[in-house]
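Following are the structures in question.
Okay, so chain A shows up in both of these, paired with chain B first and chain C after.
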Partner chain A sequence: MTNSESEKSHSLVNFFVFDTSRNFPEDEEYKSIIYYYPKETSKDTQMKEIGRTAAILKFSQTFGTSGNCHSLHTRKTRQYFNEPEPGFCMAMTVKLPNMSLHNDLEPHDKVFNSLLVHSYHMFRLFMGTMSSALKVSEQPEEELEQLKLRAAYFYSKHLQMMPLEDADLADAFLGIQFLPMDKLSFLKVRSLVSHVEQTFPCITSTTVLYQDQIIWTGLCQDDIQLIYNYLTTKLFPASLSLNTETRFLTGPADVHSLTSEMRIPHVFLNHSQTIPDECQLVVYRIAGVTVCLFIPASVELDHDFFASLDLIVGPRIVALSADVAEQALVRKTNSSLNTGTDSIRFLYFNQWNMAFKSTLHQSIPGHRRILQCQPSANNDVIKTCADLCEDFSSFGEGEILVKTKSDAWVIGKLSNQRHLYVVVTRKNAELVDICDEVRRLRNLLFKDILLLE
Partner chain B sequence: MASEVVDCEVIFPLNTADILGTATNSSHAILDSSDPYENLNNLTGARTNCDSNDVSLNTQSNGCTDGFRNGDVGLLEIAVEAQPDLVFESDLVPVNQDQQFIRPRVYLERESFSNQNEDSMSRTTNASSILDDNSTPAGDEESGSDSMLWKNQKKHFFVLSEAGKPIYTRHGNEEQLVTLFGVMQALVSFVEDGEDSMDVILAGDTKFVFLHKTPLILVAVSKMRDSVLQLLLQLEYIFNQISSVITRTHLEKIFEQRRNYDLRRLLAGSERLMDNLVNYMDNDFSVLLGAVKCLPMPASDRDAVTQTIHQQCNKIKNLVFTVLIGNNQLISLVRVNKKHLLHPSDVHLIINLVNSSETFKTAEGWTPICLPHFDPRSFLYVHASYLSEDCQACMLFFTTDRDSFFSLSDAKKNIVDRLRRHNNILESITLALNSTCPVISQLGCANVRHFVYKSRLSAQYTNANNGPPYQHEQGQLYLMDLYRHMHGRMHSASRPLKTMCHTTEKEILFGLVTPSYELYMILEPMTTKPAIVNAANAVLKWTKREEETHFITTSGSW
Partner chain C sequence: MSQTTIEATETNFLLQLSQTAIHFEPVTKITNVFYDEVTRQVFTVRSGGATGVNVKGPKMKNPINFCVEDKGAVQSIKFSPDQQILAIQRTSKSVEFQNFSNQVPDGVEYSQSCRGSSTTIIGFVWVSNTDFILVTNQGIEHYQVIPDKRYLRAVKNHSIQGNWFVYCPLSGLLLVSSGPLGTSLQPYLFKNHQLLRLTKFEVDFPNPPQPARLCLVERDVTPTVLYNQMVVLVLKHPTKPNPTSSREVTGKSEIVVYTLCKDSPPRKTHILQLETSGKLAVSILDNLIIVHHQASKTSSVFDINLTGESDGRVVTLRPFLASVTIRPYFLNIPASAAMLNHEPSQMSCELYSPNWVFFQPNIIIDALLGCLWSLELVLTPLINMAENPCELFDFLLQRTDAKPTAMEVLSRLMCFPHSLSVELPVLGRVFDKLNEAYRNQLDIEIQSQIAMPAGAFQLATGSSSRRPNMVIDQTNIYSRILSPMIENKPANEACDRFIVAIVSEYIRSLVQYHIPVQHFIYEVLIEAFARLGQFYQLHQLFQYHAVADSKPLACLLLSLESVYPAAYQLAIDMLKRISNANEEIVEILLSKNKVLSALRFARDMIPIESISARKFLEAAQNSQDPSVFYGVYQYFQQRNQRARGSPAFLKGEHCEVYSRHFKLLFGDGDSNISLSDSLSMG
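And now, the complex of A and B:
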């Protein structure tokens, strides 16, 4: 990274997880550190940082604060905190770019805080809860050993993937793109799912996607949000480099070879239960359609399973795919009609079903979405949307219209758990014009959805 | 005779050599880049934003060069920061500080400072070790950090020394919060060890804002909707309030000599000033907007008052300016010299002084005061008294001459006499003080519940009275909080706005900021957008029409 680049972007100073419930003797306090990035940091510095974090959390509790301490601003850095489970704390420090030069690059607290929270959710998805990794032992440090290994394994990879440079409100929502279909096509997909689940009773849940859009899922809201995020930001991009013949994105690399290596990730689902379900995730893709199968960890999957799965499900999906592709195409032409001009763009998020749609971003299958808006207003408007979102959480449902210093209008609406943010960058627009404009957009795109007038 | 009027007390004798040193320094010290305060300002991005919230600064370039040619650095600062319409003048004679420092004890309220132990507490910067020692001294449950009453307070302010010695807490008792003060000091110094500075902690709905302004550390903890910038500004005010009692120069010197000094001994008697200031900041728009509110009265009456004061004052040597205040609002401001500008924040401190001093009602007060924007390094002397039993407006003369009590006392008597005789203007002042202006009904806009209008060019504002549903105390606090939120969003450091219109379930918040004015309104929740625009226009039209009644429009210089 060149000098000028590092001045402009947020860089990760440190990221750590530590235990807050065990009492270690004074000279062994470092044993409470579960994970610390960067690895090379001296034990002394690690302990100091953790001591400071613990002090800040404790200090903030003195005042009977509702809600947990979530961030610390210093002149040069931002630190974010999360207490994911009782007895554990995690923190992440981000170095600010030179603020006097780039005032607009200030990280948005809401967004960066959700990156940290999300990093824990992903950990929980693949590694289970932190407390589940503890093993009963007389020695407190031995209890934590297994957890330390898991954290090191997971976070060393996860931290590289964190979108610190271009994180925005979309990362805070972590929404899902659905592919709406007509009834008949949808029923076809539904019957495919039933067929698969009946033929292979070990399958507890199924999710079907076309490219980056979800058609059907049997998972609960929280789980599908994370699985979808994993698929679209990690597994699918990684699969671009795979042989096109490969049908199992997770599973045997070559279904026809008995000796083929098996790589099946385990995921932990249904955290609302006392004991989450540990499942194997098998991802099968053919003709643009992806089927995710969740199978309990106790079931041993042999080569025959994958071979018969490929044999029975493959042709059915191929038969279905033309239908699905057509539906996707219809939707695409529709939506390009809908987006209108460059001067009016929107971001929509439904908290009920996590549905997300944005013309402020450009989404390319297999890649991270990018912001598309008039460059001068880019950073400003998407952060203003995040500001409005924060106002909704403190004032409740309603509507906010603002005109930014760059003369862009940003309109936020929250009604019935549905967020809509519209950015209008037309010159010399007045308050009343903007309202008409937004009403027009809403009638066009969301006429079926109730939004507060 | 002066000692009959106020109970004067020699607080501490100053070493003559020190004072001479200070006096010579004072003309150059502000430009000296080694000043830690100056450095801190340059480093804190947020503060720059605080100060630059008035466009009118650009129009002040003339005043700026004038001040500079004069060689008086204090003037330079004033000329740059003050507003054009609040400009008064006199010959500033170098202050003769070669005397004992005398401060009247007028505001003794609290009893809790009688026995303080001098022990310097050993502090460690290792934050975690302080945590282990989290027990507060047992005792009065009402004020310790463990009490629910204390925890439920919406807003705290703390002042401590760099050594961690408690100086002020808004709620509770410093002695019982010693550990908490220690933690705050440790956090600040821990972050500063890494060549960084502690700015803000955010936890749920609570903001913790830190301001380290050598030699003090100030901390605000708020569960209200204040923005970080607003809280920083409030901390600046508290710092200025402390400076106004002992001057910046002296404050720095004390801690240079004794890091462990217990400043409460010096501030004893001025706790009421601090308590009043924080309440004033909570309940009044002035500090929030950085502007002054004038008492609404017919322009002709106001001119007559100003004229009368001026006639009596222009002959008095060393008088800097004269201020007449009633109901926390400015009635008249007479400057005796064009070069002297008065910064709104100094006016707020003056209002706070009047607010906090019951004694001015019954007797003439004579007290030194340092106005930090005027000159942070030296004292002015103020003669303060109410006009009369029947006219509760407080008249304050600011002078550089510590011996002019009697001449000012005479001047005040003459002014009151003339105001009484001349068409009985005194009565018009009383009338203005006792009447409330029916602003909302004058607007003729049923949708508007409340509004605040600030003229940025003159740094003055006016607002509607708190009508339904905000007429009660709870409603007023709620209303202030809405305005704080609106102001915070409009003046955000990173993303300032030009217009906002926020429809909530209970009301509509509307804000508009232009280079020359700021308008904030609270409207009925069902108001349509065109009706909002109409209402905004109605308010602007009203302010234009009523400008002379609600604002001091004459430049006030002679």
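And now, the complex of A and C:
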């Protein structure tokens, strides 16, 4: 990244995780550092940063009125804090772009805080909780060894993928895109899932996607939110480089070869339970349909399992995918608003079922979504949406209409946990026209749900 | 097509003889016995009728007894269908008639001879109460009997050199064999007092004997009706590969089914492959073909509506059930005879006896015992043979009175954990079969409700929606299977997962056949999801509208709000989609203390006069927010102003208490805050 580029967008100054419950001797305090980025930072600087963070948190706990401190604003940086588990703390510092040039690029606390929290959730998904990595030992520093290894393994990769430059409200919502389809096709998918689970009783849960959209998931909401994010931002993009014949995105590379290498990630699910479930994640894809199978870690998966899965499930999915693909196509061409006309776009998120839909963004299977509003209004508009979202969190339900500097109207609405942000970029539009436009959009796309005035 | 063999245990008999046999005097030197398939009567003729003729039959309440003069050996004797005229054949040249009144012959005989001096009578048949057909070796003679004049009027004569004939009273089809081999079959159809000649067809016969002799015999040809279609069954015995070879015949017999279509010649449509050869007989029962094999004392059951191997023209079928046997039958011995011989009062009857004669459609006569039975089908043993449920349901759906059996089979397929062996896709296909019939039934009901012009009606009834024999509807599934299952189920996760799977599959099938799903079926699913705690999965079902909207379900969802808060959103969305549930939405919003939202919703959706001011004012007062109360109060005052020219409430609206409350809060003076200001708040 060149110097000038780094000045235009946000960049990561540091990211660290440390232990707050153990008392190390004064000269060994650095042992409480579980992970620190950048790695090259001197021990001294690391200790100073951590000491300062601990102090800020302590201070805010003592004098704050509304719970913990989440962020610290300075002229050139923003620092975000998170205490993911008792006794552990994590923090991330982001450098602001050159303020005088890009006044509108001030980061949104809600968005960046979400990135930090999300980084922990992803860690927990693949590595288990931090406390589960603790080893029983007399020496406090030895207790943390395993955790340090895991954190280093996970975060060294995760931080590279963190979308600091173009994070927006969508990253804060971290919603799920469901595939719109008719009930019969949906019930057929359900029937397929039941069949798979009956045939292979070791499967505890199944999730089905078509391209990048969910059709069915047997997971709980918290888990599917993370798994969906993992699939769409990591596994699917990575699979683009795979041979198109490959059906198991995780599992044996070649199902017909007995000696084929197995690569099955383990994930930790159901964190609301006292002991989360450790599962193997088998991802099978054929004809655009992806089936994710969650199988307890204790079950040994042999070659036969994959072969018979391929044999039994493969043909049924192929038969089904024709249906699904047809529907996906019909719906795409039917509603011009879904693809987004230039003058009116929207972002919708339902907190109750995590459903997310946006015509402000363009989603390309296998790639991170990109904003597709008029280029000049891009940041302006999506930032206004985030502003409104933050307003709602203190203000409650309602509707807010704003006109941005770039002459676009943004209408934010929160009704019964549903967020709807509509952007109208029409020259010289009156408020009445805007309201009419929004009503038209609602009657077209949201006629089946109750969005209160 | 699978073939299933049944063990011969007590409960496993699919066939039985009717409990009440008809007893008649057995055949002796002086007693002759005749059976008429048209009237289903058995005639016992003693001494040529001089010492009595006794007529009995399954359709008759009381036997008829009479005497006729002995004018020689009786060759054939048949009543007209209304029992008003008796026809007796004693010679090969003529038939004599006698009129009956009150089951008593009037004693005056009149006679009809066949045409031509060299003609001999093969037989005769009553095709209606007055239409009489004489089949001779020269042709078919159709007469109309005029009993009052004791005279027969010749109607029509078809010339054909017949070998033998068979007649099917169900369809009125008369089949005459001609040609030196007897393989040339000429069908005639009796309809509206006319005998129509249909297209002749040949039964192919490989390696005909030289010189030619009769190869196809009467016994092997059965005209009947299957699924409202006229068919002719031809039993074909294995042929010797080489006429000169003395080797034993090792081949197997088969039955060829010729179907008679309206406007085209009879066509070979099915081949039924038998496991045996030798002495065979056919019964027709409930559209099934039952083939009895005397040597092995077993029967095979065929259903031409089941799927078989097809070469595009002819479908080859194997028996749906092979090697079934008739339930043992015990004959009651008259008490005096039993006492005399010190024998038990019952004796077992020899089944598949060489003395048995099979008549159409399902009559069995043992001439030596003097018994006539009808063959009956018992479906209950099929419960234990659910290895191939799809085929079993194909079979059961075509039977009459199969519903109890079908329900029993279904409840076994759907029961937990036994049916874990039944694959869900198989169960799904069974549901599809049931729902196809269910759909047909609904279509017929809809058609009968729509008043249609006479012409259109005929068109509609001619469509594929034949009234199904059996309909298993959602109430049956619920009350007979799902409800008992939930009551007795073990409290474990596996069982609830199973319920979710089967009910989803059932709903899938109903939706596929465009059958509206009843809310109690959904309730089973929703409750199972709730027991599993899989609310997010339930949510997806609603999200995809896989659950049809209804008020009862919206209420069920509301009741789930305490355990799954999002259910509230689902419920209120559902109510919004139901056109007449606006009042309910208002109530819910008010109960959530969303007074202004409720009022805005009511303003847009409900006629302004019918909004109850009291309800809103009460909620506004309870909200403890004066600005809310102010807004609501002002709104209704303005409404009153517009509607009646005065802001005051009517007496009947019972709003006095709120007027006082308003005065208490804001005094009498008018406020400057306008309605729209307060309504846009919150």
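The definition used in the following text is that the second predicted complex is superposed on the first by the 447 of 453 C-alpha atoms of A that agree within 3 Å, B and C clash if a C-alpha of one lies under 4 Å from a C-alpha of the other, contacts with A are read in each partner's own complex, and residues count from 1 in each chain.
The definition used in the following text is that a residue touches a chain if its C-beta (ideal position, glycine included) is under 8 Å from a C-beta of that chain, and two chains touch if they have at least 3 such contacts.
This one's a predicted model, so the numbers in the text were calculated from it and none came from an experiment.
> After superposition on the shared chain, which partner residues are touched by A:E165: those of chain B (first), chain C (second), both, or neither?
neither
> Of chain B and chain C, which one touches more of chain A's residues?
Counting contacted residues of chain A, the larger count belongs to B.
> Which holds for A:N416: it touches chain B only (first), chain C only (second), both, or neither?
second
> Quick one: classify A:G398 as touching chain B (first), chain C (second), both or neither.
After superposition on chain A, A:G398 lies in contact with both partners, chain B and chain C.
> Quick one: is A:N353 in contact with chain B, with chain C, with both, or with neither? Answer first, second, both or neither.
second
> Quick check for you: in the superposed arrangement, does A:D302 touch first (chain B), second (chain C), both or neither?
neither
> In the overlay, answer first, second, both or neither for which of chain B and chain C A:E28 touches.
So A:E28 meets neither chain B nor chain C here.
> Using the superposition on chain A described above, determine whether A:F59 touches chain B (first), chain C (second), both, or neither.
The answer is first: A:F59 touches chain B but not chain C.
> Please work out whether A:E326 is in contact with chain B alone, chain C alone, both, or neither, and reply first, second, both or neither.
Neither: A:E326 stays clear of chain B and chain C.
> Counting only touches as set out at the top, which of chain B and chain C does A:Q198 meet: first, second, both, neither?
So A:Q198 only meets chain C here.
> Determine where on chain A the residues touched by chain B overlap those touched by chain C, and list them.
Correct list for chain A: 396-398.
> Residues of chain A touching chain B in their complex?
Residues 48, 50-52, 54-56, 58-60, 62-77, 99-100, 103-104, 106, 109, 380, 383-384, 387, 391, 394-405, 407, 430-432, 435 of chain A touch chain B in their complex.
> Would you mind writing out the residues of chain C in touch with chain A in their complex?
Counting only chain C, the residues touching chain A are 420, 423-425, 428, 497, 500-501, 504-505, 507-508, 511-512, 534, 536-537, 539-541, 543-546, 565-566, 568-569, 572-573, 575-577, 585, 589, 594, 597, 600-601, 604, 682.
> If we count contacts the way the header does, which residues on chain A are in touch with chain C in the complex?
Going by the criterion above, the answer is residues 178, 181-184, 186-188, 190-191, 194-195, 197-199, 216-221, 224, 350, 352-353, 355, 396-398, 416-418, 448-450, 452-453.
> Which of the residues in chain B come into contact with chain A in the complex?
43-45, 126-128, 130-131, 134, 145, 148, 151-152, 156, 180, 183-184, 186-187, 190-191, 196-206, 208, 221, 223, 225, 228, 485, 489, 492-505, 529-530, 532-533
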